[in-house]
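After this come two complexes, each holding chain A, first together with chain B and then together with chain C.
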Partner chain A sequence: MTAFLAIVKLTCRSAVRSHVFRFLLVLLLLSIFLLPFTLLSDGTPKGEVQIYLQYCLGFAGFILFLSSVWLVCSEVCSDVETAQIHMIAVKPVRRAVVLLGKYTGVVLIHLALLLIAAVTVYVFLSVRLSTSGFSEADRAMLDEQVLTARALYRPVRPDFDAMAWKRLEDRLASAKGHGQELLQYQDGDVRQQAFLEIRKELIATYGLVSGGDSIVWYFEGLPKRLNEDDLVFLRYTVYVNRYYTYDQNTIRGSWLFGVNYTRPDDNGGETVVSDMIAMQEEEILTAAQNEMAVPVKNTYFVYDGKAQVGFLNSDTKTSELNFEEGKGPFLLIREAGFFSNYCRAILVLAIGILSVTLLAAAVAACMSLPIAIFFSAAYMLTGGLATYLVSSIPDAVDFQAPYTETFGYQYGRVLLELLVPLQDFFVTGQLANGELVSFPFIGMLFARDFVLRLLPIFLLGAWIYTRRELALVSKRG
Partner chain B sequence: MKNRYALFFALLAGTVLILFANVFVQDRMAVVVKEDKLVDESFAAEGTPPIVAFSTMALGGFRGLIADVLWLRAGELQQKGKYYELVQLSDWILKLQPKFSTAASHMGWNMAYNISVACKRPEDRWRWVRRGIQLMQEAVAMNPNNPDVYHELGWIYQHKLGNVLDDAQRYYKETMARELIFVYGKHSPDWEAWAAAPATEEALRERFPADHPAWLALMAYNQGDLARLFGEFQLNGGLPKELKDKLSDEDASVLDCYFRRKWLKKDWSLEPEKILAVNKAYGKLDWLLPESFAIYWAHVGLEHTPGNENLALTRQILQSLVATFNYGRMLLPKDNEVSDFFLLVPNTDVIDATRALYKKILKESKYSTAIFESLYENFLIDSIVTLYIYSQKEEAAKLFKELRTETKNGNSRIMTLDQFVLNEWEDDITSSDFKQIANELEGILFTSCLLIGYGDREAAADHLALALRVYDSYARKHADIDRVTLPPFSEMKARTARAIIENYPPEIANRVRAELEEDLKKQEQQAAEKAAASGAGQEAAGS
Partner chain C sequence: MADAVKEQPARDQRPVVVSAVGLTKVFRDFWNRPKAKAVNDIDFEVREGEVVGLLGPNGSGKSTTVKMLLGLLYPTGGRLTVFGKSPRDVENKKLIGYLPEETYLYKYLTAFETLDFFASLFGLSKEERTRRCDQLLNMVGLAHARNRPVGEFSKGMARRIGLAQAMINDPSFLILDEPTSGLDPLGCREVKDLIKLLKKRGKTVIVTSHLLSDVEEVCDRIIVLYGGRIRANGGMEELLTIRTNDTITVPRLPEDAIERIRQIVRESVPDAEMSVAHPHMSLEDFFVDIVNEAKKESLETSGSRSGGGIAEYLAGDREQDAKAVLDSLSRGEETPAQTLAKKMAADTAKAAEDAAKKRQDELFAALQASAPAPEEEKSRLERQEIEAKMSEANRKLKDLLKNPSDRKD
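Here is the complex of A and B:
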């Protein structure tokens, strides 16, 4: 343990002396102190706070990631390349302990810097809020939509598979009823093809509401105990017509909200009555994200963790409205305070530092400095590109996409299973949008990225480090 | 071997010949580069902006890649409705790729048009339109020889702010005027004084050397810290009283003009010298209105194009001039104080420039001119009627003569000016039904009363005279049909005046009340008599 602590201490000392580390430290300070004065927001108080949170924390995190990769690679590789490792190797210290000590030293120094950055950004934000002179209304909006931690709930997705099979069976039965035996559908491939077509059609038409029609979404898993004063928000984007475009129009419609209340029954007990109430018809902008507070007291609206939201399209002039899946409606419910959410975002960044340093340490244990840095950076960037690849081909999930797109999508999925995308650790966007960074998410991130994906790589690296013929490498260097 | 030497000498001779020929071509190329505006003069004179130079040097070829990534992110965020980052991203993209004017135009247009209408509150919409304008101003600074960016910037002013297609268009006009009047200090600043004022800090220091009383006053006020003083100036909309009291009137005026022109340049990228040039070229414009800005940018853009020729910019000037002619003067209830009760009235100062531009286009057009001829004729007719009812009958007579001689308009050849103007209205009267004519009359009366409210008595009297002529003409034609008889003229006038008194701010209401007091009293008296008569009738019927 003494040896381990000594290595940690030496690593910290050596890190502080590194020129690159000092340069990155200056960049970090600049990002915290100067960046807020150079950022351009949309000019609204909300935008100002959002861009401040997202960019200041994001930049600080990015620089710390870079710094930790550089430093751990430098600490591990330079010892080998300058033959300093022999000084340690002759002592009764296991090489794995050396590697772990260096890793711990770099992590500790960066966690300390992260803490300083986080405290500074938070203090800056608090000072800015108290001296900005925002109006009461703006302040209230900030408290409701940004300086909060709202969980986002999606409506229950219908079982499209079951619906598609049922529709196919119904159609075949109907055809049979009319004396038409469709024998070709007994073939598995043809049957599967028909199922996929129907499924595709069901998904595409799921969120369509014709003029005069209505649609209802069901929400489950909402918090069972809500604070009476807390507001529930509804977020949605609606488009005109089936094949949506980004052209904006104004349409008319009414939102419907499920309400639940108790009524005395004939047996002297109470019965829960569920009903839908319609709000006043309003003008709605299409192809734009809209958000509104649910105008029903949440104790009536959310019952037993469930809620219902509907929409009546009273605009008979437009052919149909499209609530495309994935773009709402969502319910947003406050589940924690801003400070708590802020700490969680910092915790995620801390996990990020732990993870990238772990990867870089593992790679540095068996490669030279430039290759180790390049490999670590390439690993992270490829993970990031894989995320982009998967998210840019959404149709491949539900539809029979062209082969190239399906290949790209599946390739991205495989990469995502193997690699750790850097952006996983940047939840500053969520923080700036007032969205909850939940503990299950943090736990999942830690377990999946750190424990399952990077720890085995580190262990492999440590094993190679213990087996590696360092004298030859030093001699060559 | 011989052949090899021959080839070598032949190549050498060729090279020398080409280099020699280059001596003659080089001068010509330098002239072409200058004439065809192939380099940015402002960049050559002042050097590349530091941020552009830095990004070019530091990032090299990676600039494009980074700009691509930022562009993709901007698109993704917009689709998600997360707009707050877009200003920053657009700014970075512009700085990374300053010469990619198409991208800049798209981003500016996107903010001013697409994102603005995604907001419900007019103040939020205005913010996005303003951001779009600011981005385009920067794009113009980066691409001073590119006519497209001038056109795009002018288009936002002309179409988005000047037109009436956006629900918040009145809010835009009001806010723009309010912001500008704060910069100008008053509705119509003395542009010549602004142009004569020092344009830079160095020029100001030359004007006020270290021993000049004005500079000593500045030193006493804040150690000559002009940057801090500029901040205070922007906050208060003028020089601090403490400093102003220590300056002579002339020095205070110079300092005031210096800060105001600096402010105008910083926020709106306008320069008083160019404003003077635009006023000289097109007539006195109202610089609170977006059309004036559209003309400004198109005019400056034309100056930066080879041969000062560009069809899109010329058309933009023409369209904006026509809009200025129709609604190019802003009347305010209180002098130098913008409110949402502003009134837009024709600006007849631009008629000559508009006519000249029409004639130029007709003369130079290589294609069919029939549409432009018709547009020109209609413009002349509108000008004649407007000048006539805005107390400029001599000018109207001149244009009437031009209409007679230069167009194929038949009526102008057989009618007098008075007949012609009334005929223009009578055309409407003849083809209008009772409801339409009542509306039209009310419209003229309303404008007349409003002009009284805004202090333009002469124009108000002319509108009233026109309304009376239209009324008489209609009454003559429909005298025998009871069901389409209009109420008495005085009653219509009093009713309109009362509507303004009840709905408009006190400054306007008081002027209207004072001017039309007799008509109002008369109407009240008539109404009371009518009520008394109907009461007596009912009593009689009851008994």
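Here is the complex of A and C:
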């Protein structure tokens, strides 16, 4: 233990003397102190607060990630390349302990910096809020929508397979009714092909609402016991026409909310009645994230953990409105306070630092400094690319896509199984949107990325480091 | 000289510290093709308490061998053990001290922090670390630079720190790669004295050096490597004694006495080439004397100072050592083979001593015979004085016989 602590201490001392580390430290300070004054918000109080939470904290996290990768690679590789490791490797300390000591040193120093950055940003934000002169309404909106921790619920995805089979059967029955016996569609490849085509059509048109039409989304898994005072928020983004554009526009429509109440039945008991009530028609900004408090008391709106939300497109002049699947509508329900959520976001960044440093230490244990840094960065960026591949070809698994798209999608899925995308650890966007960073999510990140994906790589790296002929690598001696 | 000289049987009884059998190291290129055979099928042993010099020109395989001993390189073939275990065994390293050819230090650490760090790697307690670091800094003459970053040190000072860190664990087996490189003559002397002391304490030392006089002074045995192979392996005396010549050292004689000696020698060996010269001290001894004189006058130097004596924990407890020897003797742990070997060694030594004494007596008689007449005129007291000088000369003669480098042809 004495040897381990000595190596940790030495690594920390070495770190603060590194020029690159000092440069990154200056960048970190700039990101905290100058970024809020250089970035322009959208002019709303929400936007201003989001600059602190999303950009300041996110940039600080990114700098710390870079710094930890560089530093651990430098600490491990330079010792080997300058033969300083000769002085340590001939002492009774296992090389794995040397590697672990260097890793721990780098992690400790970066966790300390993360803590300082987090406290500074929090203090800055508090000072800004107390001196901003926001109106009561603005403060209330910030408290409800940003400075909070709300769990986000997505609508239940329709069973497109069942819907497609049903529509196929309906069409065949309709054709039969018109005297057409479409025998080729009764079984075999043609029937399967027709099913896939219908399914494709259903998916493509899901979320499309023509003028005068309406759509309903079903939500499940909501908290069964909500306080009467708890607000439920609806977040959505709507686009005009099938392919969404960033051109903003205004359309007219009204939201529908399911209500559940009990009514005495004929047997003297009570029966639950579900219904939908329509809100007043309103103007809605397209291609922008909108958020509103559900105007129905949550004891009526949420029943047995379920809820319904609908939308009526009353703007008959526009061709179609498009609710993209990943863009809402979502329901948000407060589950924790802002401070708790802030700490959780910092915890995720800390796990990120632990993870990227672990990867970099493993790579540095068997490679030279430039290769180790390049490899670590490439690993993380490729993880990001894989996420992009998978999310940009969402339909590839749903219908017969071109082979290139299918390949790209499957390739992305495989990469995602193996790699750790850097953006997994950046939950500052969620924090800035008042979304809960849940403990199951944090646990999943730790277990999946740190334990299952990166720890085996580190153990492999440590094993190679133990087996390495260190004197072969040295540029001196 | 090319053939390895066989070791004395008595030496074989000591425990083996290093054993290399068919040791081979081949360096390979990126494609795993053999690039160079740095060490080529060598066999050697180093036994407990030996000071062994590993000699050879650049590229002869010395450093590769040392790095294999330390587990920094792995043998391609053969078997190498240190204290009976693999050189990569971590526990073994508690017994080993290593001074590399270049001292790779963390430049931002002070002298004390450097030693403290290396002491921590041995798991020593804080108090013990502080005690040892202070003693070692004093020993290597860097107590005044205790809090200076080692990055500011001269090469010699860095070397001293390197030496100190090699001994932080009071090692049983010390590997010193060019230990006197970069040191001033005082430092060299101290290092050599230290090696001698370590040897006295039963430590095993391997020294590699290009300064052959240093090796000659401190080593019991040398292994000469060339092209990755052992060219010579044996005790210093066996390898270096020129048995066809003799050297006689006496107090200054009158010219006619020298002429008479020449006459005697010519009569004994008619065709012999013979020279007579004044012995002179080594430059190192001369330099050390000058500096010691200067130190008496309290002259200051900003660099490292000569050491303040051996660190207490390295010097060992003499009383304890004596007790250990007595215990060892009283336990009667000797095996019959050891007893036989000791007896053989004693007999051999006695025979050699008798022969040397006989030859000295002959020479003494010859010198007495050729001394200026009349002897009767000298008082008994003067004769005693001459005898004392002669016995001093004999002592020096013995020393010279042991140390042929001081011969003057």
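We adopt the following convention: the second predicted complex is superposed on the first by the 384 of 477 C-alpha atoms of A that agree within 3 Å, B and C clash if a C-alpha of one lies under 4 Å from a C-alpha of the other, contacts with A are read in each partner's own complex, and residues count from 1 in each chain.
Keep this in mind: a residue touches a chain if its C-beta (ideal position, glycine included) is under 8 Å from a C-beta of that chain, and two chains touch if they have at least 3 such contacts.
Computed from a predicted structure; not experimentally measured.
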item	value
Touched partner set for A:A89, first chain B, second chain C, both or neither	second
Contacts of A:A288 with chain B and chain C, given as first, second, both or neither	first
First, second, both or neither for A:I51, with chain B first and chain C second	first
Touched partner set for A:G43, first chain B, second chain C, both or neither	first
Touched partner set for A:A3, first chain B, second chain C, both or neither	second
Touched partner set for A:S174, first chain B, second chain C, both or neither	neither
Of all residues in chain C, those that touch chain A in their complex	27, 63, 67, 70-74, 90-94, 96, 98, 100-102, 104-106, 108-109, 117-118, 120-125, 165
Residues on chain A engaged by chain C in the complex (per definition of touch)	1-3, 5-6, 10, 13-14, 17, 82-84, 86-94, 469-472, 476-477
Chain A residues within the chain B interface of the complex	39-44, 46-47, 50-51, 54-55, 237, 246, 248, 285, 287-289, 429, 432-433
Complex contact set, residues of chain B against chain A	79-88, 91, 114, 117-118, 120, 124, 127-128, 130-131
